[in-house]
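Okay, got some structures for you below.
Shared between the two complexes below is subunit A, which pairs with subunit B and subunit C, respectively.
This part shows the complex of A and B:
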């Protein structure tokens, strides 16, 4: 922890986010959500409702921009859900309506075994993938270099759930860990391909959701199946990577911190102070304002308390714990950057 | 009062010693396993280890030896799942292991169910389980179903994305005691309340107890919606179901 003797010159949002991801000094703690801050209210504001905003680049970019233009966050992230890759791989999709998330029909798996795994030649030119790439280009054009654009590419564990089905995939991991590892090795190609394409399109960082959550699997599972692969992503995907895993993850945070990834987006089921102690200065934490109970259900003053708890724990990037509930009120979301600014005005800069 | 040393199966003794911490659970399981015959302890041990092939073999052997199907289910399969549920609740095992144990349970139950059905033995109660409209996530629901079946309930799985009408039709068709609804998303959670209202409008609300669960669901939300109970995890779901079923006994 370095106490800055003099205030740091005011940064742009983009500079602030990238500095925090590199664990360098910042003028104030950045606010971001590496998953999604899309809400029904914001959709109405810019006429970009789901499912259209998940499938049309202009609508996607318009909705993503509201994170910066309306909410005052330091980043924008156009990939609101976690389905684009699975759509391009051939999964059966349910695109839903304005007030619900698109989902993969995981009970209609497309793969049963290692030999079934195929990354199609036209993977990156699938319309749902092109939508994301075009939206990123639009955002860069519209917002310039002032705000951080964070992309998203699904990790192989999550792709396993989508393409094999959750239960078959988890049973395979127990029955045949070697075959599971081989499957992950094949599926990771999708992660890398889409990540690199988004870098070409102009992202500053990438979120890698890979749902080896403590609600489903042990911390040792993360170490066994994913830790080395995530380290490999750091070598092969040349932007700061933000790992996202929902749920209880304290038991695997030490392993996550060893990967070399820039940041870990963590869930409210994990105490900020405890999490910070485990990861120390090896990885930046992002989070971890509770979604269903606080942002969705409560009021700005409750949001404020959680933001302050995270700031006081030293969490270097503040934001919701995951993709926010679509019916979340804007006033609750705006409270996050408002509280961060006020807190910084009242405290010495300690980073 | 039975003691740990009264349990002949070494694996079961170790499971109780190593994984059970609550005094009432330790006492209950020692009493149970000290009472049941060695063949049942062996079935329970194989189930806890997720050895579906072994459970299959031992169940057939027990039936061939003249042991009653109900005893095999209660003292072997359900007894084993009881330990599995505790270990899962305490995060000593995780979903892959539970899935393997559920597979082992199923391996035994495929011989037991037809016998019990033919002899008119009733389950504890019948439960309908479904994920609400718009929600395709079912791992939580499926874990609850495994635990419910593993505890002696009959469960009708309505699947995912279940509409209000589908829930109502299922209540009318199956004459279940309990309706369980799950949701993983805050966007679909409100459909639990809408379903309960639909049950009232269809005049079937009083025909079932309604229990709810899922990651974003809370006790407060369940109460506001008019549910009869909330289960925060699979084991709580079973406890709640037993409590609700007892109200109709």
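This part shows the complex of A and C:
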């Protein structure tokens, strides 16, 4: 991020997010939510509880809008979960209830081999896909151009976990890397189709969660299986892309920075300063306020400290590290934009 | 942002009220002008009957735990202490009751299945409670100590003199509160498990960390 000495004309939230994703000057650091800030209290506020808000476009849009209208973030994100595509691909689903996340029953895999992989012809007209697309249209109609609307399309590695099961997919990657690569090539079609459809519906940027997470997959694995494919997404999907991978990922940040992705949504297991040093000015970083401890269990003062640590490290877009726990306190979430604004007010003469 | 209330710190949450349309209930704490902690139950739900449900829970907290209502409609302990941990438990227990229930203070006695006898919490001077059993024996003594320990954990109380006692820092008696806590004190691990489950339920796990 560049904060210029001369004051920059006040930007809209949308302009601010998009400029930061392009690594252009901003009037202040945007507060961005590339995954989800839905909570059970916000669900009550707009009468959009889970699982309804994951399957009904109007409820999905109402809940997503609270990120901007109630919390003061600069972006909205209607795709709260990571399961919409997998539902459309035919995975066995557990939609859960208001206070829990929908999940794919990965112990009931739908594919075993390369030839099983089929992206259905009606993939984009499946109700769980249409729900997202209609919610994006509603948000654009309701919020206009004031706020950045971010969509989400799952990467092929995550789809591999959902459709093959985590263990079979990882074992295949060890036993037969060539076949794994071929599977990823087929599954990426779902990523691209859904991404393009969301652009048509009106998103400004897309998050691409691809769970080659630090706990199970090494940096070298990322390079071997995903780096080129992620570069290809940048060529094929014409909006800024935000890659999301949970966990400790400094061992692959250099590779990620080579992909051309606009940004990387990074976990609090990575120090802001060390992460900024690795990516340099090749890619923006978004994050990395800790969820399970800070936002969920601690107080606004603790949130404030983490936000300031990220601002001082020069992280260009501030937000939670991942989808926040559904029971997170609203006052903790509101502290993020509040701190960012105060910090900029205090530092305006310094820069 | 006009819809977000300034209610103080949310210290406890019931994600889904099984007795009223699965609405979410929060317990908020804010210091009053005299510095004493005051509590408020709040929900962001707009469903008809939400206000009545909240009123019922706040009334139930008064009956079950002996908190008193302020003229402004908040709750506080008359002794002036926050008793925060006990109040969180009080809120959870009150929200488990249907609105048709008639909450009454619990007695200072509970049947302990493991000891197969009645356990009593006797109120002594200075906010001290002593747990005793109607029977004797080494195993029963261990249960007495465990229940007193449970009371201390659930009520944020201190051990005074002997392991079979629990005392409030405020030095005043809270019979209703102890009666309510005594029901859970014999199985405090179950309470902690319940709290852990509530805390972890709403966390989105990466596919590699999921259990299904």
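Basically, the second predicted complex is superposed on the first by the 344 of 351 C-alpha atoms of A that agree within 3 Å, B and C clash if a C-alpha of one lies under 4 Å from a C-alpha of the other, contacts with A are read in each partner's own complex, and residues count from 1 in each chain.
One rule holds in what follows: contacts are C-beta pairs under 8 Å (C-beta built on N, C-alpha and C of every residue); 3 or more make two chains touch, one makes a residue touch a chain.
Note that the structure is predicted; figures quoted are calculated from it, not measured.
Aligning the two structures on subunit A places subunit B and subunit C in a clash. Once the two complexes are laid over each other on the shared chain, residue contacts for A:292 go to subunit B and to subunit C alike. Within the superposed three-chain model, A:164 lies out of touch with both subunit B and subunit C [touch as defined at top]. When the two complexes are overlaid on their common chain A, residue A:194 makes contact with neither subunit B nor subunit C.
Comparing subunit B with subunit C, more residues of subunit A are touched by C. Contacts of A:173 after superposition: subunit B is touched, whereas subunit C is not reached. In the overlay built on the shared chain, the residue A:221 is in contact with subunit B alone; subunit C does not reach it. In the superposed pair of complexes, A:329 makes contact with subunit C only, with no contact to subunit B. By the touch criterion stated above, A:72 is placed in contact with subunit C alone, subunit B being left untouched. In the superposition on chain A, the residues of subunit A contacted by subunit B and by subunit C overlap at 94, 99-101, 103-107, 166, 215-216, 291-292, 296, 325-327. Interface residues of subunit A facing subunit B in the complex, by the touch rule stated above, are 94, 96, 99-101, 103-107, 166-167, 170-171, 173-175, 214-218, 221, 248, 291-293, 296, 325-327. Residue ranges of subunit B in contact with subunit A, taken from their complex: 50, 91, 94-97, 99-100, 103, 134-139, 142, 159-161, 185-189, 215-216, 218. In the complex of the two chains, the subunit A residues touching subunit C come out as 36, 40-45, 47, 49, 69-72, 81-82, 94, 97-101, 103-107, 158, 161-162, 166, 211, 213, 215-216, 246-247, 291-292, 296-297, 299, 322-323, 325-331, 334.
Subunit C meets subunit A in the complex at residues 1, 3-4, 9-10, 13, 15-16, 22-24, 26, 43-47, 198-199, 201-210, 212.
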